[in-house]
C-alpha cells in the first residue's frame, strides 16, 4: 500500500515538475531571447512578467478546438499526445539527488533515449494527418533528421557509460564524485570532451532548436508540423518541445557534469536537487543562446553533417575510448615500473 | 556617340520608321507589325537591355513604348508603336525575356494582347476586371468612396 | 523524351504548348509532370507567409524538397498608383509614390521630381540637390538595414533582425526631424525640397555615424562571419550575367552578377557627380555575392553621408514656383539608383494640371521576374533565401 | 467551455470563470504576422523591435493563423487579396479580434478611388479596433492593443449588466 502511494506521489510530483518546468522555460525563453535581442521581454503580467506563460496557457486551453475538415481526425487528435507523453515519461530516469528519483532503473539511460526517440513518430503523424503541404514537409523533415541525429546522440553517451560501467543514471552520477589529481572534479566532460561536443550538437538537433529547427523552420514552413494545430493541442506540442529540452539537458548534466554533485564539496541532500536544476538550466540557457543567434542549416547540409561528420567522429571516439580504457591499467602499471 | 546608330540599323533592315530627338531622348516611331524585326535587329546591334515596356491610352489608340538601352554605349532608345483598342502587338519575350511581366501587365491593364506570349495570364488583377488604365475607365467619385456613417 | 525536348514544356492557362528553342538567359520554364511521371507537389508560397516579404505569391513545384519550377503571381497589393497619379496634381503625386516603395520613399520622390524638372525645365538650387542626396543615402542605409534583417530571418537567424532596429530607429529619428514623418516623407518636390534641415540635425547624424560602422561590422560578423550562413549562401541562387541582363535586373542584384553599372556614377544626378564613392561588384551572382555587394554598398553609404555632411552648401533649398505647377506637353524619363536598382519614372504630359500618364519603372518588378529561373534547381530553403536576396518590395512591384 | 450550459449564462460561476479567461486572453494576444503593405514595417517590424517591443505586453507573433488571436490588417486590401484575408480570418480559432491598421485598412486610404481597392476591411471581416494614420506609428499600435485589452476585459461588465437586466 505504502509503495503504491509512494509511486503515485512520485508520479504526481513528476507531472507537477513537468508543468512548472514548461511554464518556466517558456517564460525563460522569451526573457532570454528578449535580452539577447536588445529587448526586455514580457514584463507586464505579474512582477517581471512571471505570470505571462500562465496567461498564455489559460488562453490556449480555452481557445476553440479547431480541426481542419480534410484532416485525418483520429491521427490528428492523437498526435499531440504522442509527442507529449514520451517527453513526459522521459523524466522517469532522471536523478535529482542521492535518493531523489521517480524510480531507479538499471537501464534508465536506455529508457530515456528510447522514449525521446518516439517523438519523431508523433511529429510525422501530426504532419501527415494535418493534410497540409507545409505540415507534411515539416513532418517529413523531422522524421528524417531526428532519426539521423539519434545515432550520434546515443553513441556520444557511450563514453561516460563505459567510464561508469553502468547504464544506471544513479551509478553514472555516483561515479563522478571526488577529484582527479587532487583538484580536478571527476566530471566526465574532461576526458569525454569530444563525446560532449557531439552530444551537445545532436541534442540541439534532437530538440529541434535553431540551427537545426528544420521541422518548424519559421521562415520556410511557417510552423512546420504544428501548422494546423491551435489551442490546447498546440500548447501540448509547445510544452513537449520545452520538456524535451529539459530532458536532454538533464541527461547531459548527468552524463558529463556530475549530476547533482557540487565540485570539490560534499553535497547536502537538500541542496542536491537545486544543484541539479541549476546545472540543467545552464545547459538550457546555452541552447536558447544558440537558438537566438545562429542561422539555420539547410536540410541536406544538416543530414550530411550528421552522417559524414558526427557519426564517424562519435564512432571513432567510442572505439578509441574503449582501447584507452582497456589498455590504461597495463600502461599505468608499465609506467609505474 | 553610339558606335552603330539605331537609325542605321533599321535602315539596313529596310524597316520604315520616323526618328526624332525629344526631351525624352531618341525616339523611333514605327508600325506595330515591324516591331519584332526592329527589336531583333537592335538587339543584335548592341541594345541588349530592355529597361521598360508599357502602354499609354492616347484617347484614340494605345501607344506601346519599348525602352531599350545599350550598356556598352550608355545610350537609351525609345521605340513607339500605335495599337488599336483590343488590338495586338507581337510579344518580344524571345528577344528580351524582361518583357514577360510588363507585357502581361500592359495586356490586362489596357486591354490588348501580345501575340506569342508564352504565359498570357493576368498578372496583377483578377479575372473579369476591366482594363483599369484606359481613360474610359473612371476612378471612384467622392460619393462612391464615402462610407456610410 | 530527351531533356532538351522536354525543357520546352510549360503550363499556361490554355494548356501545354511548346514554344521552341529557349531564348538567351533562360534555362528552363515552368512545366508540369516530368518524364518519370512522378507526381510533383505544387506548393503555394504566400500570401501570408512571413518570409515572402509581403504579399508575393509564388507557385513552386516540388520534387521532394527540390524546386522543379517556380512562378510568381503578383497583384495582391495592386492599388493603382499609376492610375491615381493621373488625377493628382504634380505636387500631390509624391504622396502616392512614397507608398509605392515604402522602404525608400525618398528615392521615388526624387525620381518624380527629376522627371518633372526635366520636362518643365526647372532649375534646382545646389543645396536642394545636396539635401536630396543626403536624405537618399540615409534612406538607402535604412532600407538596406531592413534587407539585412529580413535576409537573416530568411536564413533562420533572429538576432540580426532585431539588431538592425537600433540603427534604423536612429535613422528614422533623423528623417523624422527633417521631413516630419518616419516613412511617408513627402519631402522632395519638383524644384527643390519642402524645408531646410533643422538646426542640430548635423550633430545628430554624426552621433549616429559614430556608431554606425561599428554596428554594421557587428551585424556583418553575426551573419557574414557565420559558417552556417556562408554554407547556405555560397553557390545558391546563381543568376549569371546573361540572365541578369536578359531579365532587366538592375541595382545590387545586377552588380552581384558582375555588371559594373550604377546610375549614381554612370548617369549622375543630384550631388553625386561631386562625391567620391566606389561601386562594389560581385562575380558569380549567387546569394553570397548579393550579400557582399549590399554590405559593401552600406559602407559606401556611410562614406557618402560623411562627404555630404561636410560639403553641404549654403543657399536656397527650393526654387520659387507656383502651387499649380504646369508642365509643357511632352514626355520625359528620369531614373535614380534606389536601394533595389534603377527606379525610373516615365511621365507623359498633355500640358494640363495633372499628368497624362505616369509609369513607374520599378526595379524590384524586373528583379523579381528572374525567380522563375533562379529558384529552379535549388531546395525549398534556397528558394526562400534567394527570394530574400532579391530585396523585393511588393508596394512597388504591384504598384 | 460548457460551463454556461451546466450552470447557466447568468451564474456567478460562469461569469467569474469567464472573467479569469478574459484576463488571460487580454494579456496574451498572439497576432498573425500578416503584413500587406507599408503598415507592416511600422506595425509589425518596428513594433516588435527593441525600441517598442510588443513582447512586454505578452503580444507575440505567430506565423500560422491557427495559433493566433488577433489579426492586424496592415495595409491596403484589394480585390485579389480580399478572399485570402477572409480565409485567413476563418482559419483563426475563436475568440478572435481584428485590428484595422491605418487608413488603407479602415477606408481604402489614399487609394480608395481606385476601383480595385476594397473600401475598408470591415466589408470583409468584423473589425474591433481602427487605428488612424498612414502609417500609424508603433506607439499608436501599442495604444490600439491596450484598447483591445480593455475591450476584452470589459466583457465581464457586459455579462453582469446582461444578468442584471434579466432580473
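In order of appearance the chains are A, B, C and D, and numbering begins at 1 in each one.
Just so it is clear, a contact is a pair of C-beta atoms (placed from the backbone, for glycine too) under 8 Å apart; a residue touches a chain by one contact, two chains touch by 3 or more.
For clarity, every value in this text was computed on a predicted model and none was experimentally measured.
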Study note, to complete from the structure: Check: interface with higher C-beta contact count, B-D vs C-D, is C-D
Exercise for review: Averaging each chain's C-alpha atoms to get its centre, pick out the one most distant from chain D.
Suggested key: B
Revision key, fill the gap. Here the gap between chain B and chain D, centre to centre from mean Cα coordinates and rounded to Å, is 44
Review point. If you average the Cα atoms of chain A and of chain B to get two centres, how far apart are those centres in Å?
Key: 61
Revision key, fill the gap. Rounded to the nearest Å, the gap separating the Cα centres of chain C and chain D is 32
Study note, to complete from the structure: chain B to chain C, mean C-alpha position gap in Å, rounds to 22
Check your understanding: When you check chain A against every other chain, which residues touch at least two of them?
Key -> 37-39, 218, 222
Review point. What residues in chain C touch two or more of the other chains?
Key: 49-50, 75, 78, 80, 83-84, 87, 162, 165-166
Study note, to complete from the structure: Within chain D, the set of residues that touch 2 or more other chains is 49-50, 63, 80, 113-116
Point to revise | Touch-based graph of the chains, sorted into line, ring, star, complete or other | key: other
Check your understanding: Chain pairs in touch?
Key -> A-C, A-D, B-C, B-D, C-D
Point to revise | Interface residues, chain C side, partner chain B - complex | key: 10, 12-14, 17, 19, 23-26, 29-30, 71, 73-75, 78, 80, 82-84, 87, 118-119, 245-248, 259, 261, 266-267, 330-333, 342, 344, 346, 348, 356-357, 359, 361, 365-366, 368-369, 398
Check your understanding: Which residues, counting only chain B, touch chain C once they are in their complex?
Key -> 22-25, 48-52, 54, 56-57, 65, 67, 71, 74, 76, 78, 93-98, 100-102, 118-126, 132-133, 139
Review point. What part of chain A is in contact with chain D in the complex they form?
Key: 30, 34, 37-45, 49, 51-52, 54-56, 58-59, 62-66, 218, 222-223, 226-231, 234
Study note, to complete from the structure: The residues of chain D that touch chain C in their complex are 32-38, 40-42, 45-46, 48-51, 63, 65, 75-76, 78, 80-81, 84, 88, 104, 110-111, 113-117, 134-135, 137
Practice item. Going by the contact rule at the top, pick out the chain C residues touching chain D in the complex. Key: 47-50, 54-55, 75-81, 83-84, 87, 95-96, 99, 102-103, 146, 149, 162, 165-166, 168-169, 172, 182-184, 394-395
